[in-house]
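Handing you a structure now.
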Amino acid sequence: MKIAGSILFCFLNLNLLFAQPTRIEVCNNCETSRLIAALQMASRYDTIILKPGIYREYNIVIDKPITLLGEGEAVIDGENKGEVLKVVSDSVHLEGFKIINVGTSYTTDYAAIRIEKSRYFKIRNVRLEKLFFGIYLEKAADGEVIGNTIIGDAVEEFNSGNGIQLWYCKNVKVIDNRVEQVRDGIYLEFSDNIEIENNISSHNVRYGLHFMFSNNDSYRGNTFEDNGAGVAVMFSKHINMSGNTFKKNWGAASFGLLLKEINDAQIIGNTFEENTIGINIEGSNRIQYRNNEFISNGWALKVRGACYTNTFTDNNFLYNSFDISYNSKINDNIFEQNYWSNYSGYDLDRDGIGDVPYRPVKLFSYIVNRTPETIVLLRSLFMDIIDFSEKVSPVFTPDNLLDAKPRMKRLL
Amino acid sequence: MITVNGLHKKFGKNSVLKGIDLKIERPGIYAILGPNGSGKTTVIKSILGMVLPSGGQIEVFGQNISKRWKYRRELNYLPQIANFPGNLKVAELLNMIKDLRRMPSEEEHLIELFGLQPFLKSKLANLSGGTKQKVNIVITLMFDGQLLILDEPTTGLDPAALIVLKRIIKDEKAKGKVILITTHIMEFVEEMADEIVYLLEGKIYFQGTIKELTKRTNQSDFQHAIAEISTSQHA
Amino acid sequence: MLKILKYSFFDLVRSRWSYVYLLFYLALGFTLLFLNNDLSKAVITLMNIIIVLVPLIGTIFGVMYYYNSREFTELLIAQPIKRSSIFLGQYLGVAGSLALSLILGLGIPFIFYGLFKSAAIWDFVLLLYTGAFLTFIFTALSLNIAIYNENRIKGFGYAILMWLFFAVLYDGIFLLSLIIFEDYPLDTFSLTATLLNPIDLSRTLILLKLDISALLGYTGAVFKSFFGTLLGFGISIMMLVVWTLIPVFTYLRKARKKDF
């Protein structure tokens, strides 16, 4: 007890000795009523408290390590005039306030919060509304974006910005954010080692999450619902995608997940539910698909272009209108030990594996690829007959595209 | 009671009735005779409204029957082939017909006469041809219509039932009804009919009593007279 | 008419075939649900069966009933009853008893397995609804064929051909035309072609409930906006009614003019 007390005493002393943080309060009838003034007054590592109220300021630049905390309903109103908050210093901590009315421009990407060439930043529990770009990280590194809420009012792609954008960033954590109704919920370009976890990205005009030329990133446990399309991963390597939910991404050629020129990725334990296309795969190689659930999608998988040595094992394919659509006659991918709700085989030796292989590619899906209008004949007897004859002797579909060991029971 | 004027009927290109004129005014038993295909059944069915005439008019009880159906309340018809829904029981069938017609009926008496009590609970599908015909007769005769039309009533009946049938027909006649019968059994005609209507190739060749027929053909008896018509037709 | 309906209905309800039909659906329903407790999955499988089987059964029963009850119909015609009452009554009796078998046969197992607590209840109701309509439509169509063909063998042949046409051939021709004319806008064509076949119409109605994800991938705006809206849904339902009324009308018209 005595020892603990003295340690605590020492610690407090140390704190006083080194940091000596000043707290500057900003409110409408305080000494400092403007944030820009407070920032000019503040020394390095000071804390600025934004009291409840509306602050009509924009082009606010933070150029020293500072903690900016909002209290109650503290709102910075950019009055649609341009960028609101720009951070050009390391170790800036932003928390607990709200930014509204970011300027819209067709030439400049105005953001509610821009972090430029900085490290060790923290953005927490910030709420952004009526915005163009939300949080724009530019050549930033080693920071975190946690628990923020970004709600836009985007309707069209061309005049809207992204919720959280990372451009040439490294080692950033994006966790527990909610992004709605912007262009891309989260957008990554040339950004590596980014961790994106437990975010909810929904009702966005384009993608829920969008990767371009970004490597060694991971996203886990996120939910992407009712976006123009769920997640687009393009021209990137070593992306780990697990435990995400892709839901209700509907529309002509809409998808839960798009993989374009993606190599060596892992897609594990995700749920794809009620998307027009579960995963749209183009030119992607050496990808492992394991323990995913594909439920009630139009197409669980749509494979276009050259895709080699991908493995699909232990997935559940449940009640999809089409399990797989495939536009080439060559198959170099492995489908094994998946559960297919459309499988109608039997298991006489009772080892849990069906005795006859399952062919997930139907002739009808081939026809629909060719002439999309024919989808109106889905589940007609004529199509069933055609599919059956194709199943007996494959002519149009790759004859080695089959699951030789289909499971009899759904994987739990 | 029945007036038929210039009745024509074509089935496709096949002219079956070529101008029938028929008048039946007095009560009695009228036998409609003629070789196969002469149009007996067609005439009967035209009167019943089952066959729709290609030309001509039919009046029953003084009313043109075209597009009417209520006149059939006074009309009882015994069809040639009796085929009832097999799943019904005899009693159910009788009740059904009664239910459909909604007229007073006296089936108990007829059932007793034909000895049908044991069959009342049987399904119609399980009855013999003769028993079915008896049921058929009961259905026809249980209502008190002014006009009876019997198409081959003797088919499949055993001698006892035949006697019963004849007695009933005579009783009905005694009530002042008109009874039209087609049959191939000449003894039956000879015994029962007051008047003969002989059809030949879609026309009425002869209408009158048996006496008049024998007189006209110069034959000693009825059967020979009929045979004479058939042969003279070929001549 | 109601009396005729009543008697035809009970006659059929008590027939062996009705029991077989009812038992078939009961067995089907219970087996499906036993093998797979998922109601919505069972609804999909059922749709495949209903779309094909219900028209076939309606067709066969219609023709069979007409030919089998010919003599009895003649007996009825000689009774003081309006002709149209007899034929309409018989039609409603046959179609009604078939529809009842369908609804009971599938309804009982599904209620047993907790239909009322399931989200699939409306899909299921729609399924039974279209199933009932298909019964009424195909019974009426087959009665038409029967009344126009005295020859049983011919009648049966034509009836089966009619079923084959609507169930299979029509879609084959539909598909071929879609592929051949793929360079042209096919929206209105698809829509019309769907409305003109009661089986396709029913299928599309159910698909809009079950395979919505796949259909939303379809680019045809007219088609989508038609079936996607309440108006389109209403029109489709109306089309099913029209599909029922037209053959019933021609059947009754022929019945009034026919010699027995």
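Chains here go by letter, A, B and C, matching the order in which they are written, and residues are numbered from 1 within each.
The criterion applied here is as follows: a contact is a pair of C-beta atoms (placed from the backbone, for glycine too) under 8 Å apart; a residue touches a chain by one contact, two chains touch by 3 or more.
Computed from a predicted model, the values in this text were never measured in an experiment.
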Chain pair whose interface holds the most contacting C-beta pairs: A-C
Chain nearest the overall C-alpha centroid of the shown protein atoms: C
Centroid distance [mean C-alpha coordinates] between subunit C and subunit A, Å: 47
Centre-to-centre distance between subunit C and subunit B (centres being mean Cα positions), rounded to whole Å: 42
Centre distance in Å when subunit A and subunit B are each reduced to the mean of their C-alpha atoms: 89
Parts of subunit C lying in touch with subunit A, wherever the complex brings them together: 40-41, 44, 47-48, 51-52, 167-172, 174-175, 178-179, 182, 186-187, 190, 194, 199-200, 203-204, 207, 211-220, 223
Complex contact set, residues of subunit B against subunit C: 9, 11, 45, 48-52, 69-73, 75, 77, 79, 81-88, 96-97, 99-101, 139
Subunit A residues within the subunit C interface of the complex: 250-254, 274-277, 296-299, 319, 321-322, 341, 367, 370-385
Touch list for subunit C against partner subunit B, complex: 3-4, 7, 11, 14-15, 69-72, 74-83, 257-260
